[in-house]
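Chain IDs A, B and C follow the sequence of writing; residue 1 opens each chain.
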Amino acid sequence: MKAYTQYLWFNTEKRQEFINITPQVEEAVRESGVQEGLCLVNAMHITASVFINDDESGLHQDFMEWVEGLAPYGRDYTHNLTGEDNADSHLKRTLMGREVVVAITRGRLDLGPWEQIFYGEFDGKRRKRVLIKVIGE
Amino acid sequence: MKAYTQYLWFNTEKRQEFINITPQVEEAVRESGVQEGLCLVNAMHITASVFINDDESGLHQDFMEWVEGLAPYGRDYTHNLTGEDNADSHLKRTLMGREVVVAITRGRLDLGPWEQIFYGEFDGKRRKRVLIKVIGE
Amino acid sequence: MKAYTQYLWFNTEKRQEFINITPQVEEAVRESGVQEGLCLVNAMHITASVFINDDESGLHQDFMEWVEGLAPYGRDYTHNLTGEDNADSHLKRTLMGREVVVAITRGRLDLGPWEQIFYGEFDGKRRKRVLIKVIGE
């Protein structure tokens, strides 16, 4: 069994941002040499997300407005009494998800036609990591 | 290490539908010959879901009404300016989840007493795929 | 390839409760002897959750209020016509997620600085299980 680990670093300019990381994940799979296996991609911070969806800017705007509607910034959250202002970011990331697991088939990410992997930042302007773990043969 | 890949095809009659795919996933695990490992089951399309819950028709109706309430069809979504009418389907699938990972123990899906695996379609009447990937020994 | 399986049992005093299970999962990884691999942790019951977030009591209160707002107890759910009163618990668990997959790197859970693994109970006061499955080498 082969295992391969890689960390991606992000420091977004905006508080909330989606970044297509499919090329970096594909490259990690190539470097791993794994032909058949699984690839885990997860946010290592609890106000960020890794998710799979379409790379369409209008849809991303819809996602941003949707999570804002369901978990609005600036409400009377208990967590924010600690001095933080990011309770909403924890909730938003929960909606979008922490991780994805993608199959590797014949040396490639086995993605559907429109599937793209995104980093979803909900409390940016600071350094954060994503983990890519590949296992297989 | 063994690896096994299978694709399931769906073409639902209704726009939204839940289909119990546990028997197909169990069969794939049998065919893989894996005794101990992991089984990934994921939608390959971004308006569909794979999730685990109870096989109870009343609950399924509750799920359908719940996602409709949180991500209604026919709102003023930016994505729909592309000519699509399925922005809500992308949001609904996000609520229900893209994938499940299930343990394989002694050659069987290691599911709890009520756990059943479902395909969740939110923009049907077209051909779509689900991926089953089994790895282990 | 090594594989290791462990079940954790819970029987919470309250209907809804979050329990930090990171120490138990770390111990399972140690016992597995796996140095590089993946660790799946999932609820085996469909009204409970396993999720990763911060171990901060104020945030947990926010999570509890948030899921109550989006999936309130005591509404007119079809599932509850079966005699159950837990349709909301199925919805709440769906928001928080069934499972997490965590990388194992150099014999340890490869978690970010604030990542902690929680059992999320939404219909407690009864015995329920969580599955830990470790595979790797």
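We adopt the following convention: a contact is a pair of C-beta atoms (placed from the backbone, for glycine too) under 8 Å apart; a residue touches a chain by one contact, two chains touch by 3 or more.
This is a predicted model, so every value here is computed, not measured.
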item: Arrangement of touching chains [line / ring / star / complete / other]; value: complete
item: Interface composition of copies subunit A and subunit C: same or different, split at half; value: different
item: Angle of the C-alpha superposing rotation, subunit B to subunit C, to the nearest 5 degrees; value: 120
item: Mean-CA-position distance for subunit C and subunit A (Å); value: 20
item: Residue numbers of subunit B (touch at least two other chains); value: 1, 38, 70, 95, 97, 101, 135
item: In the complex with subunit C, residue positions of subunit B that touch it; value: 1, 36-38, 51-54, 56, 58-59, 61-63, 66, 70, 95-97, 100-103, 105, 110-115, 135-137
item: Interface residues, subunit B side, partner subunit A - complex; value: 1, 3, 5, 38, 40, 42-46, 70-71, 77-82, 87, 90-91, 94-95, 97-99, 101, 129, 131, 133, 135
